[in-house]
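Note that chain A is present in both complexes that follow, paired respectively with chain B and with chain C.
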Partner chain A sequence: MTAPSRTGPQPSADDPRVMLDRDIGVFEPVPPYPPRTEREAEFYTLGDGQMLLNMGPQHPSTHGVLRVVLKLDGEKVVDLDPVLGYLHRGVEKLCENADYHQVISQVDPLEYISSLFCEWSPVIAFEKLLDVDVPRRAEYIRVLSGELNRIASHALFMGWFALDLGGLTPILWSFIERDEIVEMLAALTGQRMLFNYFRIGGVNGDLNHEFMSRLGDWMSRATKQIESNLTLLNQNEIFVRRARGLGVIDTAGALRMCMTGPNLRATGVPFDVRRAHPYSVYPELDFDVPTRTEGDSLARYLLRMEEIKQSIRIIDQCLHQMPDGPIMAKLPRLLRPRPGRAYAAIEGPRGQYSTYAISDGTDQPFRMRIHDPSFIHLQSVGVLMQNNLIADTMAIMASLDPVMGGVDK
Partner chain B sequence: MDRALKGRLEARFGAMLAGPIRQRHDETEMRIGPGDVTEVLRALHDEPDFRFEMLSDLAGVDTGDHMQVVYHLWSDSTADWLRVIADGLSREDPRAPSATFLWKGAEWMEREAYDMFGITFEGNRDLRRIYMPPDYTSFPLRKDFLLPDDAARSPGGGVRHMERGHAPASRAEGSDAPDTIRRLGA
Partner chain C sequence: MTAIARTWGRLTLPGKVVFTLVPILAALTVGLIAVIAIFGGAIWDILLANLGIVRFVIAVTIILLVTIPIAFLNIYLEMKVIALMNLRVGPDRVGPWGSLLSVVHGLKVLMKEDFTPTGADAVVFTWAPVVTYGAAVMTVLVLPFAPGLIAQDFNIGLLYFFAVGGMGVVGLLMAGWASFNKYSLLGGLRSAAQIISYEIPLTLSVVGLLILAGTMSLNGIVEQQSGWFTDWFVFRQPLGFLIFFIAATAEGNRTPFDLTEADSEIVAGFATEYSGMRFGFFFFAEYVNVFILSALAVVLFFGGWNAPFPFPAISIPIDLAAIGLPLLFLIALVPPIATLIFAAPFYLMRSSMRWWVALIVGFVLFNVVAGGLVFAWAFVSFDWVAGLVWFLAKTFGFVFVFVWMRGTLPRVRIDQLMGFAWKWLLPAALLNLFVTAAAVVVVGS
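Here is the complex of A and B:
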């Protein structure tokens, strides 16, 4: 088909051929250049009856700014190509040009749903570089606030997931839970979302009265409240039937895709960094690592809900075992670690966050690599999506729980 | 520190090691040349005494003199993180074999390293930019890519300008190469 000539009779405004006349813009799914890689050539070559559909970057259920190009055969998704970078801020470069204390506020906005975990892994890596011993009270406060943040994140996941499957009620309920925890953490850290609370060698402030009273209040009814929230979805036949068998991945596939966290445990691998490679005071705490074997969206959902209960157990133990003492190690204001390398990984609500830090003896990290689980999990959407319907794309993506702030760094 | 792991690695990879095996805290570090990456990773992944089945991280590093690709692996056979450093990639044309034959999930991490450092991973089917736009030409995490307001490290203590026309007097008549880039000591 050729574009109508400009000199001849003008076609009517709703003639689809008019659209071919314009320049190819950002939202054209086909790249305006020859394919650069084997995979790109394969993806953008259309077979018989196939078409490309652009989803995003401003889509209400991409959990951030993400563009996905879908290759469709009828209503079935044959393949997809996520296009990232809309939120890229160059955090690693910024960290290399900030001093060690400033890094904490730079990494905070990565995973804005669970900021404490973004702070946690660089902080441990820097403590390893500096050979600092963190006071035990500070470690317990970290675990306590971290587990609260994990519950807030999982509670929000429940709402999101249901929303992407078409249910509006659960997100209203899950925000009740999340709001209470966020207010609690705001009393502790001074911020609702980007906490900037962990420090190299400890935490920024001790437990205070408002935090403790809010926490005690919430703990007295948390288990019951969460159980009742779960009945919204766990006994909802539409939800269960829709999520069961959706986006299945097996153990070998999950390991091959480098998946971690609940998404890996839903395939039956009991890999939890808190147990597999313990850090902080987790060896002293008693909790289980739940696993499931189905590897589908429902398993990933149920597993996260099980983890909420385990987190409540951990918080309960933290409150009983909380030692007295200082909350910060004695450190100079300007940190100059000896030249060396350190790697630290922690278990976040979405999987393994890790930091690889290199020091060259100055007050700024020479290199700081941030590994974010959302980035890895988003990659496996292509594997999970094969031969599912368009309507399931967002459901499967939501069941992996990626946060675009972390994906794009 | 897992002393036994050090012995096992030395016994298995003796000639391939490009430096001593270092251990600190809960990390064991081995250096190899970029040509041995495929063989070493395959051995670590497949052999029953190693079982490093999880690729925890893949990172590019620019030391100022050369490039590195750093793999962090986890196994249930040891309590340590294993860090494999593929060392000595040239800065002009850094090339390393891809790890996607073992871990498909390394694909995006390699794309990121390509985008940020320009490291070419041979065997990666989809090596294009992932964060930066397709028509972008620089590699932002290289050490000679300076932020315009990177004042902290400037020898004059002032703002370090990237544009030649705005360069401070001390650099104005020199070449457009940056005066100092951060280098990692040995």
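Here is the complex of A and C:
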């Protein structure tokens, strides 16, 4: 362990013998400090034949920069320790130092796969604070673009899930779907990914010709196209056998883990914010809340695919019921809501996405708390991954569909 | 002396290398010529006396060289076919339709840094790709490409094939162990478990065929399947072929059994820490393996180099000597005249085409036509050309199937993989063997 002497030939750093003399603890994912909690002490104490494996933050299939330390017995995951925070930007604090309009662009990159939903919930919260009535046309446009974004997100989920199970092709097929939707949203909002489209009291721009023609073109073949994508996986014996019974969680467990959205509905609870606590124009629209009872990865996958069909139904109704009128409420340029608190929840593609905003009468929110379903779902990973094989860890995580931008905020 | 020393000192490093090498090479050449001139007759006699060894050395060299274009072709095929299945364009920049991209890949791999990670067992780490690649290449030795085109016709060819082919897993295990990386270790151990498990159904699945064929020489097995395609062993051993194909997929670490390098689970498996040409050797070995397993499937079950139906014997007698002196005129005049004839319509029909572009088009067309004619003549005249064509066509058909599976199927889990081998494939292979044996006993071979 002595440092090499400064005189004489210096050993090359590439020489493996030199490095082997040193402490090889640097290769172990053991934290260099003494354990801070009992749980940490227990986790980092290895039993007989156990091994720690550091997965991430740079791993081909963690969805973003998540780090998971796995405690392995052979290929079996005995225990695991997710480490978050690699993408933390302090968005909530940023929002508290921006005025109400600027908040929308700050929260955009949280769930970057479905940005419209990140905008939607703070916008509703601020509208409650300001007590504004949103024009009905604006509400319909919000629902229309939101459901399109939900389809894009679910289509991408199908690809990611298959990719984590080893399928190469579905990700590229599903990207076709997502790309068409993203292109039409780009025609509507001017951006492909971080739309920055919703405004307090309405939306940024009216429906335009390019968006409508792209949407009409896509709607004419959407159902057929999605069905043909699904045949690639739904009838694939290997895929179904791997996904069935993988990461099972029962209703009580899902509720205890605060799951919402498709992950909760896959356990048989028909909870959908759009129906349970209706917002926007959803009460006027006719759609089902699909549920499944198995609670495994396959159920979560099939449920999302079912939701795509429901979203297409909603889009169809939106197009038929779209009223004329203004798309923005009359509001002053500088918003100073009266002091108070507002809470707004919406149903995002991943579950209940909600915002709790406190106003102190200035033009900036005093406090803004963002409840992101990805973060909440990631806590059940510890329960679901245990006693599975390494191969299934990433598949289970993919089936929960977290977006690390929203997890780390 | 000083002048020479100063001049030498002014040379750059490449200059020094060249000025050292040139005299050495010149001396060696002169020496070689001298040796041949003096002992030429004796050397010739020795070579003639040991013709078997000479033939073996040449064949081995050719095989070693031929695996590289085969691997290139497989890589290109894989990139292009998977791209088409993914609704992408795939490689289209280097060469026509991107066909030279795999060559560029090879050059890139050669130029990359060859990195040995800290803590790795350097010797084992270096030799692991050599073992894997060597095992893959050595199996080509017994493959009959065409009638008479076989490097070494062992009477235990199939046994040799399985024995040497199974050695590749040693290289993967070495790589997994020596990399000093847990992902590599998992990949190496997975490959050991997987390949050893699938070796058993793979070997058992062809025992039924061996009972029917009565020989282990791959050449002999191919010769027994001559005639119509109904004589191929796949129609007598359908279950055996199915088991063989599944086990071969697992043997070659191909999707859906590519657990050893499962990128969504264990990064790149045994190859995680490899870079540069060492990684290239693993890469090559994988694609050579795909070719070899396809070739073995063709040899054992699909008639090898036999055509699917017996060709009517056509012989085109071309006696070049009978033409005599006009042959010289033919050789001198036919190419330019044909080039002009082929170029004329392009030049006349398309006014935008420059005359020299038309000439290039004509020249290429002439070469295509002449090459096609020569190929057709060779195909009907030499049975080894026809055999090689049939063999390669069938083999690349199988390569396509492997690529197709990679584009379509997800990966199985390790417990499903092992369960499938021991619970389904092994009993099925034994059943196949017993049924075949019973049939041979009852019916008589």
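As a working rule, the second predicted complex is superposed on the first by the 381 of 409 C-alpha atoms of A that agree within 3 Å, B and C clash if a C-alpha of one lies under 4 Å from a C-alpha of the other, contacts with A are read in each partner's own complex, and residues count from 1 in each chain.
One rule holds for everything that comes next: contacts are C-beta pairs under 8 Å (C-beta built on N, C-alpha and C of every residue); 3 or more make two chains touch, one makes a residue touch a chain.
Please read these numbers as outputs of a predicted model, since none were measured by experiment.
Visitor: Should chain B and chain C be called a clash or a fit once both complexes are overlaid on chain A?
Guide: In the superposition, chain B and chain C stay clear of each other.
Visitor: Does the superposition put A:Leu168 against chain B (first), chain C (second), both, or neither?
Guide: second
Visitor: Is A:Ser280 contacted by the first partner chain B, the second partner chain C, both or neither?
Guide: neither
Visitor: Using the superposition on chain A described above, determine whether A:Ile238 touches chain B (first), chain C (second), both, or neither.
Guide: second
Visitor: With chain A as the corner point, what is the angle to chain B and chain C based on their C-alpha centres after superposing, as a multiple of 10 degrees?
Guide: Superposed on A, the angle at chain A reads 150 degrees.
Visitor: Which partner does A:Thr291 reach: the first (chain B), the second (chain C), both, or neither?
Guide: In the superposition, A:Thr291 contacts neither chain B nor chain C.
Visitor: On chain A, which partner touches more residues: chain B or chain C?
Guide: Larger number of chain A residues touched: B.
Visitor: After the superposition on A, what does A:Thr267 contact: first (chain B), second (chain C), both or neither?
Guide: In the superposition, A:Thr267 touches no partner, neither chain B nor chain C.
Visitor: According to the stated criteria, A:Asp360 is in contact with first (chain B), second (chain C), both, or neither; which is it?
Guide: After superposing on A, A:Asp360 lies in contact with chain B but is clear of chain C.
Visitor: For A:Gln310, decide between first (touching chain B), second (touching chain C), both and neither.
Guide: It touches nothing on chain B or chain C.
Visitor: Across all Cα pairs of chain B and chain C, what is the smallest distance in the superposition, given in whole Å?
Guide: 25
Visitor: Using the touch definition up top, name the residues of chain C that touch chain A in the complex.
Guide: 82, 85-88, 116, 118-122, 180, 182-183, 186, 190, 255-256, 258-259, 262-267, 406-416
Visitor: If we count contacts the way the header does, which residues on chain A are in touch with chain C in the complex?
Guide: It comes out as residues 14, 16, 19-20, 24, 27, 51, 53, 59-61, 75, 162-169, 172-173, 176, 232, 236, 238-239, 241-242, 389-394.
Visitor: Write out the stretch or stretches of chain A touching chain B in their complex.
Guide: 31, 33, 36-40, 84-85, 88, 90, 92-93, 96-97, 99, 128, 255-260, 271, 276-277, 339-343, 345, 352, 354, 356, 358, 360-362, 364, 366-367, 369, 371, 375-376, 379-380, 383, 408-409
Visitor: Any idea which chain B residues touch chain A in the complex?
Guide: My answer: residues 24-27, 29, 53-57, 59, 61-62, 70, 72, 74, 76, 79, 81, 83, 102-109, 116, 125-134, 140-141, 145, 147, 150, 152-153, 182-185.
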